[in-house]
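Labels A, B, C and D are assigned to the chains in the order they are written; within every chain, residues are numbered from 1.
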Amino acid sequence: MRTSADYLESLRDGRVTYFEGRRVPDPTAEPLLAQAAQVVAAGYDQWYDPGANARNPLMTAPADEADLRARVPMLLASDFALDLSYQALMALSTAGAALSGVPGPWVERIKAYVEAAQQADDRVAVCVTDAKGDRSLPPGGQPDPDAYVRVVERRDDGVVIRGAKLHISGGSFAHDLLVMPTKAMKPGEEDYSVCAAVPVNAPGVSIVNTTFAPRHEDARTFPYSSRHHIPDGFVVFDDVFVPDERVFLDGQSRYAAVFAHNLGMWQRLGSLAFMAADADRMVGFAQLIAEANGLARVQHVTEKISELMIHATMVRAGLEAAIANCETTADGVCFPSELYTNAAKYHAAANAPMMTRHIHDIAGGSLVTAPSVADLENPEIGPAVRKYMTTGERADGEYRLRLFHALRDLTADAYGAWRLVTNMQGGGGLYAQRIVTRKHFDMAAAKDAALRYVGLEPPV
Amino acid sequence: MRTSADYLESLRDGRVTYFEGRRVPDPTAEPLLAQAAQVVAAGYDQWYDPGANARNPLMTAPADEADLRARVPMLLASDFALDLSYQALMALSTAGAALSGVPGPWVERIKAYVEAAQQADDRVAVCVTDAKGDRSLPPGGQPDPDAYVRVVERRDDGVVIRGAKLHISGGSFAHDLLVMPTKAMKPGEEDYSVCAAVPVNAPGVSIVNTTFAPRHEDARTFPYSSRHHIPDGFVVFDDVFVPDERVFLDGQSRYAAVFAHNLGMWQRLGSLAFMAADADRMVGFAQLIAEANGLARVQHVTEKISELMIHATMVRAGLEAAIANCETTADGVCFPSELYTNAAKYHAAANAPMMTRHIHDIAGGSLVTAPSVADLENPEIGPAVRKYMTTGERADGEYRLRLFHALRDLTADAYGAWRLVTNMQGGGGLYAQRIVTRKHFDMAAAKDAALRYVGLEPPV
Amino acid sequence: MRTSADYLESLRDGRVTYFEGRRVPDPTAEPLLAQAAQVVAAGYDQWYDPGANARNPLMTAPADEADLRARVPMLLASDFALDLSYQALMALSTAGAALSGVPGPWVERIKAYVEAAQQADDRVAVCVTDAKGDRSLPPGGQPDPDAYVRVVERRDDGVVIRGAKLHISGGSFAHDLLVMPTKAMKPGEEDYSVCAAVPVNAPGVSIVNTTFAPRHEDARTFPYSSRHHIPDGFVVFDDVFVPDERVFLDGQSRYAAVFAHNLGMWQRLGSLAFMAADADRMVGFAQLIAEANGLARVQHVTEKISELMIHATMVRAGLEAAIANCETTADGVCFPSELYTNAAKYHAAANAPMMTRHIHDIAGGSLVTAPSVADLENPEIGPAVRKYMTTGERADGEYRLRLFHALRDLTADAYGAWRLVTNMQGGGGLYAQRIVTRKHFDMAAAKDAALRYVGLEPPV
Amino acid sequence: MRTSADYLESLRDGRVTYFEGRRVPDPTAEPLLAQAAQVVAAGYDQWYDPGANARNPLMTAPADEADLRARVPMLLASDFALDLSYQALMALSTAGAALSGVPGPWVERIKAYVEAAQQADDRVAVCVTDAKGDRSLPPGGQPDPDAYVRVVERRDDGVVIRGAKLHISGGSFAHDLLVMPTKAMKPGEEDYSVCAAVPVNAPGVSIVNTTFAPRHEDARTFPYSSRHHIPDGFVVFDDVFVPDERVFLDGQSRYAAVFAHNLGMWQRLGSLAFMAADADRMVGFAQLIAEANGLARVQHVTEKISELMIHATMVRAGLEAAIANCETTADGVCFPSELYTNAAKYHAAANAPMMTRHIHDIAGGSLVTAPSVADLENPEIGPAVRKYMTTGERADGEYRLRLFHALRDLTADAYGAWRLVTNMQGGGGLYAQRIVTRKHFDMAAAKDAALRYVGLEPPV
């Protein structure tokens, strides 16, 4: 397995990354990006095992319900790059199972790649969303044919791809980019039916980074996001050659959706696990700020906290049901119920804004106007800030002030908004999640139960 | 075990029941009530086993998760009286476990009573809600001290109780009334701290029935409620003597809430199981009426059906999580997670009105204006009704008309409203369910997780 | 003007009506229908003026904002048949203005008909919704060409129409049926582009009635709907001849939608006025039942009542804004703002189920299980019912019991459900109302304001 | 009237302000604060009139409905400091009317102060929210008696006050701080019953500033908030002397709430006017981004935009109704209906999070991951960014990218969150607004209408 030092060194491989108009010579040294490298490096330390055949358990597939259940706390304790690599490898594994019997070398290549990535302890960033151009037109009907990533040349030993992939979390800090079609393709869209693993430093790959990292010089004002941030990448593939062994589908439009479909499932499981833990934490924060404000016994406040509790419990119920109703592929990969995973992810994301409103309602205006820790340290005005932020025995001024900062960071500034948007959009927006629910809900059984309940014969 | 004939005979025991101002000499012969007796009688046939020690499995306690899970379809396939008896006996069983170690003969009496009721195959109606008088005052502070059921006399061999219990489903069709305090009692409220099993025909017991049964002479217009209706009883206890062996608590105010608390859990499980099945059926009905209207491919309709699906899936997720996280009492009764049961029951009831709105929106005005089957049979106008209710090949006029009637019956007339109200109020209204959630949610863990997430020390 | 006696006599004109499979010889004598005739007759008494040229003010058009505002309480104080006639005549009047300049005799015929109907003090029922057949197909593409009302023959002196119209409130108690296309028509759908006034007793017209009237023999249990009910008609036009002077459009598909569009506006105004008054009453009922239960000072109850208040205030705000932003046609008919009328009607109907949930939550289970007034009068059990329904000084048992009955009647039985469904479906369901909102919202201004706000040039 | 140059000079008056731990020597020169001074200065230019008796119309009271209506666009076109001064002077004016007849010099002093402030063209910041300490305790019961601003000394010519006021928008850029009690006071809380106008540079006044101003060096990424930001002040009154003529209440606890009550009304009107305009703009933005994404004809998108339209229309209906139902004080100040203003403000704030969710859902992930304008200008990667952000003819890459930035600025970063929180908290949080609604809703009329509707006698 890789050490953290190996990892940091591995990022200095000539990769082409940009940030706010400038080429970034070394992503581990760029102020607003470098923390991501440190977080991923710490993840390597966390799981390191010197054994020759040692593997990070989160790089391997769960075999049964207990195994799947055990993954949840491991995922929550992991850095984002490991989380994403897990999603990538699990998606490839279950996609491989789904492609069993399909003509072509795909299944073998997938197995070999997954095995190699596990061995090398690589971090793999998933690339799904295309630029899409005019979304009212299909890939093959776009004014610019590159609006969706496509094969522009087929050589003896590989393919050349062109296009862009958007919202690529941590792309600049991964080793490979797992490119897959963003949607189902139709006959005639063979060139768009490509799945491949591209090294981040492959010639022709460029990444434009954006970040929600706080720019405030005092990290104490953003206690979470100053330590945990991750850039999103706008990844450009400018005629990038990919050798055959890294191509997992090419030209069979019928199977184009298999990869994104499987990835969506693992992404939504990851989102759901995060949102379940997060919803519990938000109950905790609501109670903490209510207590710090002296409002914990005020009924309209306890009612709002009750709604947060019910929300958190329902999200967790979805996660529990998804695991309790897991299934297993022919080659032994255990995966969560798609119906429960998807419905609960929808429920969590759709209701998150109202739950955030409750937090804001309970916290009050100081959520966005609390002075800084530096003000507290100023010898002239600091004592007054402390005095007036204190609420009796329940909370001293500094603790309460820091609690407001934490809540602003998580719910009322760049990171909080990024989280709300990406939790909703991850694995497809709300509409996409409704489509997935429709696909997995047993409508025939529901119709039959309805008719039997009232003694009606089904229509012929 | 009892046969259906035994059961029907057992109701002619001198019980005092009223309906719309009149004394009902025989509840099995009163037009708007009698169908309930037939439904319960059919339940006896359904489970009958001639073995000497045979017992209805729904009269016994589940021992583990698999057992508890198996109860759900059995409950759904049972008549209401058996369902209620199950709740009563399970509540007594888990309450008995909770009273272990409490001074007094309660635990032994409970075990003996449960055993006897199982043996006799009795139907037991649960009596919780008191008249309550002025709800802003406690039981001991009411202008009329009988506003809550209380012991008015203690004799050598038993107690005499007075008061009323409201909303007693099927009281007139049960054998026993299991009376328990509706809420926690305080010191000084000892006389109100009474739990006892009272035979329906005990001197002093009177029941005033109300019903949602349709009064329309043509049962085809109300295909469900004409076959499945159950009266609610307003039960008056006018100085009713209860012998000692049927008294399960008397005078220990500290334990008054144990019974209703345990009952609430089993009631909510029953409600939740029903609402999960019902939510699935409602998805089915929505799809059926959309298809019958020729609207199944219209997007705003599919979106509404998707919301119904997500609702149904979340309710079922709550049921799944409640079972997957079950617990077991010291004497071996397996019971569902109270947190998940309660939160999911709340979620189901709170969102039911909006789900019903979707059904009404998809169905259209014919939901409440569709002609009757009799109109269809009229030789003069029937052909026109059929012609204009038909929507091409998708649905012939009679099928569609009957579908509208079914939906009106379930969602837009007396039974539908009764169901909406009782699903919400059963086991306590929405507010009561929030209180229960607060009791079971692990707030300490949530607060700790919140503080650790942002690196804050807890306040001292 | 007509007297009530004239009116009742006028209904015995040979009209062909059915009810639950039977031909109704005299609608004023059919038990579950006759109350409607009495209500309409009382309306004639209410407005009667013996002057030769006297006219019911609600049969004439408002001329300005003050006039329009004064119509609201008049509408609310009127019986449904007058309300519907008002909608019909106002719709014809504003439709006539919209048809100004269109070739054909339409505008003159409309004016003459409106004048005559005012003079005769006729009641006019509006007929919009067609049978529609398979809703995924247009009128011209139906398997049965009669799925939408159409002209099947054109004669020298009139047209012959065939088809059916659904949900025709009070059709059996009106004089004329104002038939109009339910939607926009396209070239090729000329035969469906017909608007005409048909006497209820015209040969070929048949009406199948349905009703939400309570069938309970004791009217006291349904204090509102036993006095105010109105049948809905399923109206069949079996080759009905309509003379030219009563035909207001025939064959010009381009103008087919004008009538329903104008009617929708007046219908939504009527709905909105009713819902504003109703929302206020529901606040009142919520407070009354809270007080009767002794819950008026319990905070979760006051919070629910506050939400009802805010809802009621917003619905009324919509009505106020619709009137304050009224417009006037070229020939002087003042009509409300379509944007505000429609948005507020949507808002009121969409939120009504949740507001009803609050009522049910506050009232408690007695809403559906309260004994009857007859039980109260029973000498044996009546005193106990009274005793246990009483809540101290706040509410005696009979008053509280009657309040529960009133609430059940209005929100939890046939009438309540009918009202919920028809308020939502009237003037088109929620989806139709969104379409109308989109039509009237000033999107160009909104886009311009958005771009200016952030200093962006509009896209070319 | 003041010129902009006069204004900027007037801020260099020795005021004591802090920012992030440092004393700010000149607020017009502090990078993250100075833009506020420029915005206010531009407002002086906008309204400047050299006439000797000229007055800014927004410093004077509306006299009737037309006048009040005309204020709305003027308010929306004004800078925040003028908006706040308007609220302050109007609140003083209507409070003065409410204090008519109260013993003491208050009414005269108020009139004189308002007159002088109009003449001097001063900017007045309103100071309401106290530190509050432990909110479960009243002002007089706090561990620290300074938790609410109070009079600590009464001198012959004035009073000395101590305490802090929070969330004071633009305090550092005003001339006066209008201090008033945050809530009703009780007997014994006379020292807390103080209202006074304090010059910002009075000895003992210190202001700690916080800001949502973007710290990103490229203003183009935050097109709105980089140009329009305003610091919030945490204002400390450390034994500040206020001369008698600037004291508008002292010691009469019975009238303590009059000022905040009147201010709340004008604040909510200001909020409501802003939110009505903002809701329209959000409809515009939703449509623009849908068009730029090529999604404008996708039905689930048009449905979300329809919901935004209905929301915007209902908020505006509230504003229209508030103005149409305005009232006038005895001395001629016209003010909006409190019921409509408050209910609509509640409705707007309560639903804002869901409306924002729709925007995020329509925009997609690029809302938070769109590259910067600087990336677009980079000669190496810029062309690719432009190419892949372009969506055919509908939107070129730069326009679309700038639209994403605008939406992030307004809804998904520091300013957007600040706006959401302050719109909800301004004039009191959601709970406070429910209390105000309860105060103004005509409950007696609602109860009476309810009882009459069902023919019930009111309870005695």
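Note that contacts are C-beta pairs under 8 Å (C-beta built on N, C-alpha and C of every residue); 3 or more make two chains touch, one makes a residue touch a chain.
Only a predicted model underlies this, so the values are computations on that prediction, with no experimental measurement involved.
Trainee: Touching chain A and chain D alike: which chains?
Mentor: In this structure, the chains that contact chain D and also chain A are B, C.
Trainee: Farthest chain from chain C, comparing Cα centres?
Mentor: A
Trainee: Please state whether C-D or A-C has more C-beta contact pairs across its interface.
Mentor: C-D
Trainee: Cα centroid separation between chain A and chain C, in whole Å?
Mentor: Roughly 51 Å separates the two chain centres.
Trainee: Averaged over CA atoms, how far is the centre of chain C from the centre of chain D? Could you give it in whole Å?
Mentor: Spacing between the chain centres: roughly 42 Å.
Trainee: Would you mind listing the residues of chain D that make contact with two or more other chains?
Mentor: 300, 303, 394, in rising order.
Trainee: Which residues of chain B touch chain C in their complex?
Mentor: 18, 20-23, 129, 131-137, 142-144, 146-147, 163-164, 166-167, 206, 208, 210, 212, 215-216, 218, 232, 234, 236, 238, 293-295, 297-298, 300, 350, 353-354, 356-357, 360-361, 364-372, 374-375, 377-378, 380-381, 384-385, 387-394, 408, 411-414, 416-418, 420-422, 424-425, 429-431
Trainee: Show which residues of chain B lie in contact with chain A when the two form their complex.
Mentor: Residues 223-224, 227, 277, 280-285, 287-288, 291-292, 302-303, 305-307, 309-310, 312-314, 316-318, 320-322, 324-325, 339-340, 343-344, 346-347, 394-396, 399, 402-403, 406, 409-410, 434-435, 437-438, 441, 443, 445-451, 453-457, 459 of chain B touch chain A in their complex.
Trainee: Would you tell me which residues of chain B are touching chain D in their complex?
Mentor: 299-300, 303
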